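My structure is below; once you've seen it, I'll send some questions.
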């Protein structure tokens, strides 16, 4: 039998807290899950630094990737005998679903910003480079790795296939909203996925939703909105993110200045220098990162060791609301205060902004456009969601931005000063 | 105000997926949670290698420790105005609950066996040694760290206090059953804790349960039974445990033989040599362990690099039922087969046994006796649980043991042999 | 001890699927629950005809009343030591919560419309008339029944007390949203009530919500919105409501015309005639109503027997969207068609409209204004919810109305006609 | 297309709180659900008098019947392509599942005992008599109603089909355990049905369970055990059952004595006289029964009116443990006390016994044997469950019996007496 059609002797089942069971029948999928590049996702947390805010959020990207695969598997089960659906695309969809996050590195967001990397580029390189995953995909057919890469890259010709993985109501989002809600324990993030799956219909170039499922979709959009502001943009998570970025910045700066590390940061050198190879990239997971952070707590550089200690032992920065337009004067004052106290404001006085467009959300680090959601009316006409839903209409396109100033309260306290800004900030922070 | 009575300006709340919220009011508790020795528990998984079987089981001991604290907090809330309860013990109970697992190291079970360590001893050393936790506890009152240590050690004079943390229905077990069920996603592990908390009553030297709550307790005992066989003793988890133990064995053996590691295993040296100091013990968490395992994949020793690769990339041993009494001949045959093929049977042919006593369970690594559960009848008489419950009576004291033989199927396949035992095993393993 | 302070020997507990447990300590509350007028609520369904759409929705008003009581009990537990809260109002709040729906009759909405009754008026009469409930309340103190009546009537002087039971985020709504979601099985209706209770604060004349709880309140508002359109205004439920109203209309009309019923409708006579006494009102619950409906299936009047059969055996009317402005011509055509076919359009061709104001919802049959929700900022300033929440702002004040035309499809089919309207309707209804 | 193969234009879906959705595709099933005899099940509570103990237990047999149908539908979905399964039996299984409880009357247990009726006989009569259900089934094929009747009667030749509906792990039990747990709100009654369905295999004459699913089955057996003692045999429910039986007894006795009822009990006459016709049986649902009970509260006979008032207004009898062997003397004493006080002990002093066999449970009113559960080993051998499961083995065959004495405490209090038994009972009852 051709490898692409090979079935496991007996179906394999993963117990999954979100979807109850993840079912695997295809030998190809089973082999991909066993590949070292996929197993590596167990060592990358799904929500980066969020576990420092929500202690339950310790789940990995391995977890999420299986979930996205399972959702796509269920969608295709429903599509099987429908018009517009070409069942030969099935395995391609399942592989793309499983592997869509393969290129994520440790604490993706911060690493990408500081080292100017792009996890999507690495996904492509893992799929197409000299890897176990590539070998497995190549056995399916010549060019199959490229096809998977194209689907994930949104350049595949069959846009319907692309939309399963990347649209405003794709399997990726449906999994992470529910999964992140489950592990953090928040009561948002629930919506009736079973119903949404039942009303999804394949069309020529996209998945659409039967109009009768509109309310379930509204509920999903609202869940998304709540999850962004309650979980993904939580100010404590952002504080951990800020400290983490500053650790990486500092390490790179020291490297650039020729600083001699007590422990040579072997795994980081290629990141500091510019372009890590694929092998180097894959070797740096969160276990390794945390290993260095703990080692760097012993470095002589006071900034690096302090920031590492703050991250590892969760002594994060505190935050206050900050309006960059009207509060520059106060910011200047603090800048001088910090400088005078010998505390480099570039590392210790950080403005961070988050913003989202409720019906066109970004996840941290994503910037691309996403297709709008279309509803299918009984007369087969398509209508864009916000034209039928008052609720979605009322929030779509309204961008909301939030600025915060992060700083180490413990250090501010120690500064002897009569600065009114200091006094005011202390008051706010102590509530 | 005395430190022991100091309350936070505003109650702190942790969102917890199992208990919904964990509430902290005491400054002492808040300070302990922030201590580096406690934050370190974030880097130790609650269920060791179980995440390789149940992908959801990635939660840490930090998670569980907060949960135990919260359960004790709720119990004491109910005890507040009851006879037999001395409210001056409150803070002591909360501290002991929070800190009871403080001494756990990475993958405790295997580490303890291979390096002859005892996590309970390290809990004592952290409480009483030169640590942040000790400093915080000492501020409460002279001798307070010793009191906490005594409660955890079950030697504290007030046995009622001890029984909250260590009995057959203590806060520890009630938390881990529910938490481990939640994160693995299995449907066992649920019982009506709210009801059990409501029927708990403090007696002179133990916590007892009102007879009207007997069925809730039966349900808890059954959950425990199911969790042991379905989760804690799952054969795949034990396979990962076997491989892990063999990695540590091999590394120690190489060290003993004077092998030169490419990467000097700095963090492990004191473990190999015998007695790690407290500081060395605390420095070795699971991130650091995984860092070394990945490094050792590049070592020249084929056994060490192979075993590390198996653990890191989850290429575990397969297993078959094995009866040590009747199957010694087959075992011998395999032993010779492995030896002939140059595969050291000490590392690659491993018998592992698990056993439990349903109403007197041990968790892996625990050996101590636990107090029986007493029910309180309306006439104030106490009766041991199994004397009132048919179900518990019928399973109590019945030990069940399970032996399995673990080996690398991929290697067995390669061996050219006409051995019938090989043939039979291959048949079993391929189902 | 005064009756108002009397506690039960042992706390009584009801197992509740929504709140887990309902706790009763006060003798007064226990006595009220046992009163026949309160037990009667077991014979009135919480959601009227919704069980014909959602088969799970068979729960009674007894169920809901206990739930509202329990929520208020928990709120007051939190209020106990707060400023602005007068703990002497506690028992009054609990009684008003428990008894607020006491005057509901069978299928309230339809009965009220057809017989021009008002369940709120009957709540007052039960509280103040010659009833067991009145006797119990009177034992608390002279004038206590009047106080309870005033709270429920929103005329009590302490507006804070009133707002616990009647505001846009009162215990009544919080219970029914969750309870109705639970029993129907829909996935809407969930919100984090535990969090909302934690951030509620008593102010001089209302309950307010700490700003930090805004997102939980948004979630509650969205649940409400979804429950209205998905459950409360479900077109099939409204169809059952339409048939039910027409049964009552017809029975009254026949009575007015002097028709001789085979079974004298003893329990209905005073309703037909005008003003039922309190005793007569209380005697007519849903069991009795269904008894008559089944009896009337045997009456000679074809309209009455047909409509009763439709209701009892769930052969409801079908519905189509209907625009009263633009579709009057088609309506006229149908009217003539029905008339010609001997089918009285007054009973068989019914336009029903539902409408809601998302952040100022009405439940069927309620018309009164409700107070807006106020958020409490850290600086103690109060802000109306929609001024801080984009989502609530965007939907508040936007009324949405839905008109449908209900008719018996089976009868329409039988009419021999070449009417295009008939043809078009048939097409729509057969999809 | 033959009626038996006719599919609905579009699948119909019921929202179900237990199974999320119930799916209907077959025209036959849709028509059966709409039949008046099936709609009548909405007016019969699933758990009889349990709603007087657990206020959530107001769900009907309609509810449960849909659930059993849905479970069988899912099982057959899995059986579709398996050996041993004859797919031509599909529609028969679905019909039998849906209709298996069709003959239940109001408060089945008491009615059956007092009037010597058998709901199973009435199921047969509805299936085979002059009913809508019979007409629908007859359209499938000649003899089809008889086939359905045989399956439900356990006399159908294909025993595999029978075992889906009637065995110790059939769809009936799996639905009611979960459903009754859901509506009562107890935390027992949960087990992993999804897993059990996945490991069910059709064999020649029964459904068996793959050995790998043994723990899920153990969990199911334990749920069953807990549900029996916690819910089905709850002493308060039995008290309501006792009062109800005595109402019926008294009414019959009065009828036998020629008593003139103020309200002629038309619906009951044939029940009193002996053999109700099918039409008379179907006309007496719980709404009608409650109508009469309320009417009888006004009767002159003090026993009937008192007992009705007790049932309707939930003034139930209290209970104490009672050992019929050792406590006959006390019983005699009470008997005389009651007689002397003019309170007929036949109605007011009632011993009720419940007993169950944990792995061979009876539901109230069921007496037939049920097949044991067989596990399928990898080598295709079958083993009876208790031979592989220690837990099940330890409880199987152990009958447990519970005797209680029920009496009206309020009346006992009033009796002037120095009886020690009275004193002792009063003490027990007041705790």
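Note that the chains are named A, B, C and D in the order they appear, and that numbering of residues resets to 1 at the start of each chain.
One rule holds in what follows: a residue touches a chain if its C-beta (ideal position, glycine included) is under 8 Å from a C-beta of that chain, and two chains touch if they have at least 3 such contacts.
The model shown is predicted, which means the values in this text are computed figures rather than measured ones.
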Where subunit A and subunit B overlap in contact partners, by chain label: C, D
Chain whose mean Cα position lies farthest from subunit B: C
Subunit C and subunit D, separation of their C-alpha mean positions in angstrom: 31
Cα-centroid distance, subunit A relative to subunit D, in whole angstrom: 51
Computed distance of Cα centres, subunit D from subunit B, in Å: 44
Numbers and ranges of subunit C residues touching at least 2 other chains: 20, 186, 431
In the complex with subunit C, residue positions of subunit A that touch it: 186-188, 190-192, 195, 215-216, 218-219, 222, 225-226, 229-230, 358, 378, 390-391, 394-395, 398, 400, 431
List of subunit D residues in touch with subunit C within their complex: 9-10, 14-18, 20, 34, 36, 39, 42-43, 51, 54-56, 58-60, 62-63, 66, 182-186, 283, 286-288, 290-291, 294, 312-315, 430-431
Subunit B-touching residues of subunit C, taken from the complex the two chains share: 13, 20-21, 194, 198
